[in-house]
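So that you can tell them apart, the chains are marked A, B, C and D in the order they are listed, and the count of residues begins at 1 in each.
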Amino acid sequence: MEPVIERMLEVQNLKKYFSVGKQLLKAIDDVSLEVKTGQSVGIVGESGSGKSTFARLVLGLLEATDGNVFFMESIAVQPMKKNNRSMTLRKYAQIVFQNPYLSLFPHLTIGANIEEPLRIHGVRDKEKRHLRAQELMYKVGVPEAYYDAFPHELSGGQQQRVAIARALALNPKLIVFDEPVSSLDVSIQAQILNLLLDLKEQYRLTYVFIAHDLAVVEYISDVIAVMYLGRFVEYAPKRFLIDQPLHPYTNVLLESVPVVGGSLKDVAGRGEIPSPLSPPSGCPFHPRCTKAFDRCRLERPEFIEVKPNHWVACHLYT
Amino acid sequence: MWRYILKRIGFIVIALFFVSLITFILIKSAPGNYIETERLITQNLTDVNVPPDVKEAWEKMYHLDKPEWQQFLIFLGNAVKFQFGPSFKYPTKTVENIIVETYPVSLTLAGLAMLLAIVIGIPLGILSAFYKDTLIDRIAIFLSMIGTSIPNYVMAVFLIYILALTLHLVPSIGWGQPVNYVLPVLSLAIGPIGSITRFMRSSLIETLNQEYIKVARAKGGGFIQVVIQHGVRNSLIPLMTVIGPQLAYLSVGTLFVENLFNIPGLGKFYSSAAVYRDYPMVMGTTLFFAGIVMFVNLLVDIVYGLLDPRIRKLDMNRS
Amino acid sequence: MGEFTIPVNKNIDSGGKPPSAEHSDKTTRRSYFGVLWRRFKRNKISLISLYFIVFLIALAIVGPLILPFDYKTMDYTALYQKPSLKHWMGTDDGGRDMLTLIIYGLRNALIVGFGAGLVEILIGVTIGALAGYFGGRLDNILMRFVDIMFALPSFLLSLMLVVVLGRNLFTILLAIGLTSWAGMARLARAQVLSIKQVDYIEAARSLGASNSVIIFRYVLPNAVGPIFVSLSFNIPGAMMVESGLSLIGLGIMPPMPSWGALINIGSRFILSTPHLILYPAITFALTILAFTFVGDGLRDAFDAKQSD
Amino acid sequence: MTNILDVQALKTEFRRKNTLIRAVNNISFTIKKGSVLSIVGESGSGKSVTMHSVLRLIPSTGKIVAEKINFMGRDLMRLTEKEMRKIRGDQISMIFQDPMSSLNPTIKIGRQISEVLLWHHKANPKEAKERTIRMLHEVGIASPIERYNQYPFEFSGGMRQRVMIAMALIGEPRLLIADEPTTSLDVTVQAQILALIKKMQEQNKMSVVLITHNLAVATMMADEMIVMYAGQIVEQATKAEFLNRASHPYTVALLGSTPKLNMKERLQSIPGQPPDLKNINLEGCPFVDRCSAKMERCSREEPPAVQLSPTHRIRCWLYT
């Protein structure tokens, strides 16, 4: 019997700095997170918040500047070891990208795309691969007739289904989604979101779901982390985060979500997210924050647990 | 901006050093020498043995008696001052004399051809883009295809045959009259005309597909405002990347046309120098041509930077 | 000013790209190159040009075997003959059969063209791909070298190389190849760089594909398009250099014919016997045009935006 | 006369190779003076093409046919291209989806805005500059005098969309068409831009057509709503009617598939794919294949327009 794994993903003090010319871009700056098996964690943030970099770091597609990432408790993803590809990681952790057209192999047919993980992991039997691809296509709702089609011949929604099928091919335990529905039409978006919920239940998957749309993230996730300029500013089970947000930025995000039949509110968060190349001093959100006081300009707030399982980085709570 | 230019000039100096080194090594490792080749070809002598005293005096004159590394240093030292010493074939003239005398001819040819190419190519490209997929466009594409793919010396043959021999519009041979420029300039210009037309067409089609063109139309702009002020303007900037190499190509490409039409330009002298192994001439002229090509490219890049605000304000400050 | 509309071929409202549902016929397994070939075939001029090139290659191979004349033997009883049944394209100033000379010229041009193209690909793609894939210092060093090579006037360099190496087919193709690979290196690097950043390469890495599998199975098949297109323009380019060298008297040693030499000699008799220059010039022009059209067709076929 | 725009029987078709694409298929609607109309639809619904057709800003492969397009008493269908140009940017102006590509990268921001005044001969260069700077200030751009001389790449996405708004409003148009103005922006910026558009609309008493795929954004801005599907208007209503009695199965399904905060139930998803305009079933209802309430006649007969109230109209067999 397989040992029970409780913590699917552990991220400890993860940092990723890029050098841009002579400047240092802190894309991810000291982020910690624990994803329990079967949980689905949503990460929400505006463009430039570092959420895509985070996805690549936890899967070992980028080398972290500092910090640790463990997968299935025993596999060290970060720091990355040279010339040592953990096939366990590659088998059990998968990623689905925002733009399915760019993430599918353009020169391979739909069938071959879905079979590719099997090929890489040494399934030589053609017939077996073919059967598995057919099964997966059925699971994600891609008509069998598309087996010999090329990616560019499918609609965006269908392409994303194929990308999901490819991610499922090796029976993964963890799937990281990087904005999987933001390029899709509303009606298709709903189809894909429901498909993701069904698959999660059916295969007991663990999800890290990254998106900019809070409503979408809330729909999929159990726990939500809010990211701002490379840091988590708030983390809580979704009920608490949506109903009783603590961080002013989370509030701004919530107020900004358009609501059917709602009225235009004068949203508190002024201006736009600053360039990560020149982040503000102290609390990175202070220039946009209506509740900012002197300390916010000078001192960076710690990320602390103010209520059970509810973390926030804000001087209002220290 | 200035730092960028200085950096580029530094690069040109390094590249020119490599050019001299490579040419020097190539020449030194080439079999045969000038005296023997000259006697073989021009004097029709079968005896290639040069009397030792003649050879010695000759070698002294060209510093060929010194070790090779010294020869190279002497060459470099003089090259900096734009002095390449006397030519083998014309011992009374220095290479720089010959360059100064003959390059204006080549430059005039290349310059006129480029001017013609710009004056014809740009409007033709605009027309072709604007009337995309119509008959005008197809004809323009076909002509530019022929222009870009057929070498100028082959083009020259056709032009001589059609314009001079069949239609008798211009004389086919001779040099010195302005009318003698017509055929060589035309045959040189057709390639660049083709390239510029093609590039202008595709670049303008791409520009006209941009969202800001639609915005300009939504603002109420007409043909002049939308296509010329917003469209052509933005297509002209990348066109610089085509004009640069074309200019460089022309400054060397006149070589064939000069040979074919027997025009006393630098290209003609250069190629006969290569045939006769007139090494001072070959080295000096190669360096000169290389310098011209790189300098033209630098100029083009500077103009490009001046035209494009993104480069002007960002990249040049950084690099 | 009259009515005007701007030619645009964008998708409207970004919709209208649903899958075409005619893939029900499952018996035919479709391959990537099959799709490319189908797209290429749609351009009729390119297709005809391709057939023409195949014909030229066959002619260059078979011609010398079956021709009743050779390129060396002078026939002073038959100088400057106009085309006739015996000499389809007439004879030259040495009484040699023009058709024979042109076919040998074709053979030499093709050998130099393909040979130099091969040399360019070998050097250029290797250097460019290495620089692009590994990046960092290796990239820096290699690309400075490429920059210098690119800045040098390649025709003059190949001319000097020919002077040094001698004047036979092999040295000429080597001299051309060695001096004109810099553009190919830049292209290969840019291709590899842009593909390296596409999501599917990241997807492949996340699936556990090794470096070599990534390079050979995902990067190369998608990078070859522009490289082949560029090659189809470089082959005629090398032919032009070969002829150019001959034109100024530095090409293949006579009596072995070259188109450039034929044009050079012909130019002396253009007033009296224009066929001496027109026939080689026309065959040369047609050959080069054919390559250009094939290159154009290839470019369109590789353009992924095109649907089929 | 209370309608600023009255469109009757508008059809826009594109011919591409051998296929005919019916992007807009016989639609009629009006916009009241000083009100906001939201047109909602997914990609391929024809919502953008509709308004681009009104301004005749469609590619040359397209063909516009309409009984009339009446704008402030003039039939735009009868105007020459030259007369039409006088209307664009001056009386009807537009904001586009992607502020990153909507500005010419090589021309200064100020110049691009003042062009509207210069092209329409509404000001001399000096006045145009002064008015542009005032306009930049009004749309919330700090230090407008320096900003006037900057290039688009020196602006963030939100700032660029403010520039686009300034450009659209400087001619004091009577009708503003906002084509997905916030789709490419972050949510926080989206809220700011929507508020700005609303503010300017009230201040200038102009009419606005907001084109969007986002139902929530549409309802937040609108006085009246239009829902489009496959080139047809399937439902049109006032905002109140829309919120209380949205009736067409497509509208209902679209509302059900929009994620909302604090959802207790699952998203309702519409099966199938968005319509393929190349082969729409011209016989029946275009939504029939995806409709959960379809009846036998739906695939055979074109649904009629049903008037649920003087201002609420749908095209569906369910309500006959």
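FYI, contacts are C-beta pairs under 8 Å (C-beta built on N, C-alpha and C of every residue); 3 or more make two chains touch, one makes a residue touch a chain.
Remember, it's a predicted structure, so these values are computed and weren't measured experimentally.
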| item | value |
| --- | --- |
| Starting at chain B, fewest touch steps before arriving at chain C | 1 |
| A-D against B-D, pair bridged by the larger set of C-beta contacts | A-D |
| Central chain of the complex, centres being mean CA coordinates | C |
| Euclidean distance of C-alpha centroids - chain A vs chain B, Å | 55 |
| Averaged-CA centre spacing for the pair chain D and chain A, given as whole angstrom | 33 |
| Separation of mean Cα positions, chain D and chain B [Å, integer] | 53 |
| For chain C paired with chain D, centre-to-centre distance based on mean C-alpha positions, whole Å | 50 |
| Where chain C touches two or more other chains, by residue | 1, 4, 6-10, 18 |
| Residues of chain B touching at least two other chains | 217, 222 |
| Multi-partner residues of chain D (at least 2 other chains) | 42-43, 82, 273-274 |
| Touch list for chain A against partner chain D, complex | 46-47, 155, 157-158, 185-191, 193-194, 197, 212-216, 218-219, 242-243, 252-267, 269, 271-273 |
| Residues of chain D touching chain A in the complex | 42-43, 156-159, 186-192, 194-195, 198, 213-217, 219-221, 243, 253-263, 266-271, 273-274, 290 |
| Residue numbers on chain C that touch chain A, as the complex places them | 17-21, 23-24, 26, 28-30, 32, 35, 198-200, 202-210, 213, 218, 221-222, 304, 307 |
| Complex contact set, residues of chain B against chain C | 11-12, 14-15, 18-19, 22-23, 26-27, 29-31, 129-133, 145-146, 148-151, 153-154, 157-158, 160-161, 165, 172, 205, 208-209, 213, 217, 222-223, 226-227, 248, 252, 255-256, 259-260, 271, 274-275, 277, 282, 286, 289-290, 293-294, 297 |
| For the chain C and chain B complex, residues of the former touching the latter | 1, 4, 6-10, 147-148, 151-153, 155-157, 159-161, 163-164, 166, 236, 240, 243-244, 247-250, 260, 263-264, 266-267, 270-271, 274, 277-278, 281, 284-285, 288-289, 291-293, 296 |
